[in-house]
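Please go over the structures that come below.
Each of the next two complexes has chain A plus one other chain: chain B in the first, chain C in the second.
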Partner chain A sequence: MTENLHLLLPEFLLAALAVVVLAIDLFLPQERKNLLAWLSVAGLAGILALSLPLLWDRDVSLYGGLVEADRYALLFKAVFLVLGMVVILGSADFVKKRLRSPGEFYAIILFAVLAMSVMASAVELLTAYIALELMSFSFYIMVAYGRNNPKSNEAGVKYILIGAFSSAILLYGVSLLYGVVGVTRYAEIEAALAAALTNSDAVSPTLWIGLGLILVGLGFKIAAVPFHMWAPDTYEGAPLPVTAFLSVGSKVAAFALLLRLFGQAFMPAIDQWQILVAVLAAVTMTLGNVVAISQRNFKRLLAYSSIGHVGFMLLGIAALSAIGAEALILYMVGYAVTSMTVFVGLIAFFNVTGRENVSDLNGLADSHPFIAAAIAIGLFSLAGLPFFAGFTIKFYLFTAAATQGLLWLSGLAMFNSLISLYYYLVVVRHMYVDPLPTEAPGTEIAPDTGPGQPRAKPSILITAVLGALVLGVIFVGVYPFPLLEAIKAAVGSLLPLAS
Partner chain B sequence: MTMDDFKSIALLLTILIPAGAGTLLVFFPRDRATPIKLFAALAAALTLALTILIFAMYDYKEGGYQFINSYPWLDRPLNIDFSLGIDGISAPMVLLTGIVMFGGVLISWNVDRRTKDFFILFMFLVAGVFGVFVVRDLFFLFFFYELAVLPMFPLIAVWGSTTNFGNFIRAKEYGAMKLTLYLVAGSVLVWIAIIALYVAAGEFVAGKGIGQASFSLEGLAALSDDGAFSENFQRIFFPFFMVGFGVLAGLWPFHTWSPDGHVAAPTAVSMVHAGVLMKLGAYGIIRVGMTLLPHGAEDWMPVLIGLGTVNVLYGAVSALSQRDLKYVVGYSSVSHMGLVLMGIATLHPLGTGGAVLQMFSHGIMTALFFAVVGIIYERTHTRDITVLGGLAKRMGITVVFFAVAGLTSLGLPGLSGFIAELLIFIGVFKEYLPLAVLGVVGAAITAVYVLRLLARAFFGPVEDPRWEKLSDGNPRELGVSAMLVAILIVVGVWPLPLMNVINAGVAELLARFPGA
Partner chain C sequence: MIELAHFQIVSGALFAVGMYGVLARRSAVLVLMSIELMLNAVNLNLIASAVFIDPSKFTGLIIAIFVITVAAAEVGLALAIVLRLFRSRATINLDEIELMKW
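Moving on to the complex of A and B:
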């Protein structure tokens, strides 16, 4: 049992890195705190470089079946490590200018990355729950990080209350499930479910209530309708880099957990929950996209749009199968790259102007052509237009769902993409068609910039990050083959029998 | 490089040259317009030469897909190949695209605002259009179909123009948004049907244990022959293709984006959009709907021909009452695309062949229309027919070119439109006599609005003193127009080279309809 412990080295190192960052923070003078960002990124890169050879092509169970070191976990570890780097690099300028105590900020990001890694590898309910809570706690703190901003405080409080509430529901569901089947390891739950279902009269309703509550609890975490009410306020109030991390990282991690849970534990009961998840997906995508139309704050708009995307991803869960899982993972990766492009573009814009309303983007194509182009590319990709990641991942996902008998839901998802295109185009119109405001009124958020310097340049760092993300969006869009190979390997670990 | 080498990459180059030019343009300095324009013109000239070569090298006696090449893209489970090839129906479309693209770049010389962005988007627009015509894979056909829609929004919203007659205002943003949403809504229908097709094919091959389904057009066509798509399935899903692609072809009642979008668009974009993009719609119906779902197509053809007839009449009558020069042309496109749809729906060699010829002819003619209107608008800054008048005195050559386009559109013998419309009407007469009569009435109304336009806006006395100082088109503008005029005349007088190729493609298509 302990001979495999070195396979958890990436997790140990991540925790150590976070602590080191915290410790060094104590000794660094305020003006040199930016070094911590570089230290964190270098650490993440080092851990990634170590993990790949260490965990390549393995399928090992650790800690007596609590976590799994398989290709599925490795793929998501790589995704989260890269995501962590992108978030830290993308937020360095923002943090330097607007947040106090950057040391803790970066350390908490690292803890969140650690939690996400464990979420993707946990194969036991309580381990998964603990990892989920570690991630949630990291986000509770980060959301409220804008200490002097009342909106940020409000967002933090809302998020904590709803988060605790949903955790309780989730735990209650877990305990009910445990009460029926008496085990918490995924493989054993799967066996117990399969056995129970062969004799359907004997299935206790408690089991279904437990499963339902687990779905509801996780539904809160991923902001699926009708458990989404916290998301727009939290997104709007949180500091921008946190919003980005929250909307991308927490969702991808929660779906990594969901996919493993449903694929490895609840798979035998797919006939029972498929329709439920499908309806949840339908409601989520429709409400998210329709409400997004009327949003004026860019962060709120992205919040609703990301609810819409959660609906699409739930479609992948509903279509759970080898092809469905492949499509869902591809979608998550593509969504992560695309969404980060938009968010980093928005951060770059916010850095130079201190604004975040859609109408503030007027004339951006004239004042900052590159930022405008990057945001536009990200939005077109989110809308599912080709040449960009969005088209390929949507095509794959919707096709996969249709092969599982969910053509009606795929069709609904396509119409939702059409709706989303409208409000993304409105943003593009603001950037490309509407003229640059001649005199920009000042805002209280950014006394240091604003009027007088609308043409301030974004830093080279964030421009480079943005450029890399744009290339990533195009890469996934036109040549997803290498990525898909890795995903197929991951799905081979996840659902060994299905493929 | 041997001939075969060239044949294997020629089609790829039609996509890569515009797309590559668009990519390279990103690195041009933003504030110097001339190098950008020269580079774009070079790329366009190269593409035009390439498309002429491709068309000339297409061997109609052999028929079928030629210039075949294939690159694996995704294997199991979707099995998507980036496979290329053109047949007798797509070859003329490739040539058309090359011509209109070249004309469009030259006519855009006066784009001074964000010149770089304009040409980048324009290049990707053209790359998307070429892509649709040259691929043999359903996934990539859809990929490029959507790619062609994407640049339209910024192209129209940024560089377009707003129509404002006081009580009638159509903002360019409105036109751009309407066009984009209509077209993407249509493509959603297409998308649903594509996926349904793939799933049905997958279930069929799985049931027979014969390999895997793919998105290959030929593979799906072969499965369709084997009965993978039940008659009921075909009856349900053919309308998805018919309406989905039909939106882009201006199918009534989903045509309303077309006049608004074309009027709002800058000249070159109107040329490409009305000239080529609307043909993508008709091409999609032929290539995907009719090829893969022949039974469904046969059942729905009476509806399509009926709607096409409404298109012809409705477009013509609407064109009669327009005040904006460009709206007249926009509605005339709706009317002429109706003829294309009618011709396709006859499932008769003459009618369908005529429809493909009409696609080509109308593409050139509309490009000429929009080019000339652009030349006029550039000088007068209005397109209001009630204000214009007597332009022929100052802009003689331009007006003559407009007249040629107009005469083509009303079907004057000796110009390409005559042959195309003649073939279509013969086809329709044989199959649906009453509709043919209505179609001819529509063509007659065309004569009325074209002649009314000529009389009102171009001839007669000069009403406004502003028009006294107008100058005729410059050599570049007139050169583009003259090129298009020459093509209309050549095709009108000697359509054989074009018809040989088209007939080869149409014969293969109609061979799938044993009943017709």
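Moving on to the complex of A and C:
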């Protein structure tokens, strides 16, 4: 047991990196805090370079079966480390201009990345819960980071109250489940469930209530309808880079946890929960996409659109099997790249204008053609148009669901994709068709745009990040096969019996 | 004879009271206290289950200790954020916090 502890080196190093960033922050003068962003990114890149060879092709259980160092965990670790780099690089300009104490901000991002990688590798309920809470705590702080912005405060309060409430529900479900089976490791829960289901009359109702409450608690965390009411407010009020990280990172991590939990612990009872998850998916994708139509604030629109995407991802949980899990993981990766493209584009836009309504995007194609093109590519990809990641991931996911007997849900998902195309196209129309606003009276002028230079340029850094993300979107859309190989290997260690 | 079910009933009642508090109270601090009630219901359940179901390993007791610790951290964080809200808005009534609609 103890001889394998070096396999957790990436996690140890992440925690150490976060603490080092915090410590260096104390000694740096205010105007040089940007160094911390570069230090964090270099650290993340180093950890990624270390963990790939260290964990390649392993399937080891650590700490007596609390965490797993397998290909599934490695895939998600790589995703989260890259995501952390993108978020830090994409937010560096924003943080410098608009947030106080940047050092702590980067350290908290690093803690969140640490929590996410543990979430993907935990195979025991308490470990998974602690990792989930570490991630949630990081996000509570980051959402409320705009200290003097009343909207950010309000978003923080709503988020932490709902978050703590949902944790209590999740824990109550865990306690009921533990009260029936008496174990907390996923493999032991699976065995106990399978044994309980063979003599089906003896299944205690407490077990089902426990499973249901766990599903509800996690439903709050991923913002599935009807547990989504915190999401739009929190997304709108949080500082923009935090919204990006929240909508991508927290969702992918929560689904990584959910997929492991349902695939490794609750799999024997799939007949019982499948219809429940399917209905949840149907309601979530429909409400998310329909309500998004009427949104005027771009962040709020993206919040509802991400609720719609959670519905699509729940489709992958409902169709849980080797092929369903592969499609879901591909969807998560493609969604992460695509969504980050839109968000980084929005951050670049916000950096130069200080606005975030959809109508403020008017004429963006004339004033900042590259940002407009990147946002448009991201939106087309979210809608699922071919040649972009969105088409490939939706194709695989809907096909997988259809082959698992959820044809009605696949049909509904396709219909919802059509709805989403409408409101994404409205945004594109604002950027490409509507004219550039002539200097309207009374508009607030962003800090760095004096009256003499109304068209400030986005920094080279954020343009480069945006370019890389656009390439990623097209790469996943046109040539997803190397990624699929990695995902197949990951699912091989997630569901060894199913494949 | 007192069995596990008795503990579960008490814990269920406590959980229901807490949940009612979360949904009905309008003060952020009282909502937090109600969440604490829900977490105490969880702890009661865990400890009783550990004694009755899992007497050799006591996993439930360990989970309960972790839950207490995490709850303490959560309250600290939540109160800090609520305090920040109070400084900027001079209210912690959740009905009056509506810059953005729920």
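Assume the second predicted complex is superposed on the first by the 484 of 499 C-alpha atoms of A that agree within 3 Å, B and C clash if a C-alpha of one lies under 4 Å from a C-alpha of the other, contacts with A are read in each partner's own complex, and residues count from 1 in each chain.
Criterion: contacts are C-beta pairs under 8 Å (C-beta built on N, C-alpha and C of every residue); 3 or more make two chains touch, one makes a residue touch a chain.
As the structure is a computational prediction, the values presented were derived from the model and not from experiment.
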Partner chain(s) touched by A:F343 [first = chain B, second = chain C, both, neither]: neither
Partner chain(s) touched by A:I160 [first = chain B, second = chain C, both, neither]: second
Partner chain(s) touched by A:L176 [first = chain B, second = chain C, both, neither]: second
Touched chain A residues, chain B compared with chain C: C
Touched partner set for A:E236, first chain B, second chain C, both or neither: second
Contacts of A:F262 with chain B and chain C, given as first, second, both or neither: neither
Chain B versus chain C as contact partner of A:F220, first or second or both or neither: neither
First, second, both or neither for A:V433, with chain B first and chain C second: first
Set intersection of chain A contacts, chain C complex versus chain B complex: none
Footprint of chain A on chain C - complex, ascending: 4, 8, 11, 15, 18, 22, 28, 31-32, 35, 38-39, 41-42, 45-46, 48-50, 52-54, 59-60, 62-63, 66-67, 70, 73-74, 77-78, 81-82, 84-85, 88-89, 94, 97, 99-102
Contact footprint of chain A on chain B as seen in their complex: 30, 73-74, 77-78, 114, 117, 124, 139, 142-144, 146-147, 149-150, 153-154, 157-158, 172-173, 176-177, 180-181, 184-185, 188, 191-192, 195-196, 198-199, 202
Chain A residues within the chain C interface of the complex: 125-126, 129-130, 133, 137, 140-141, 144, 147-148, 150-151, 153-158, 160-161, 164-165, 167-169, 171-172, 174-176, 178-180, 182-184, 206, 229, 232-233, 236-237
Chain A - residues contacting chain B, complex: 322-323, 326, 365, 369, 376, 380, 385-387, 391, 395-396, 398-399, 402-403, 407, 410-411, 414-415, 417-418, 421-422, 425, 428-429, 432-433, 480-481, 484
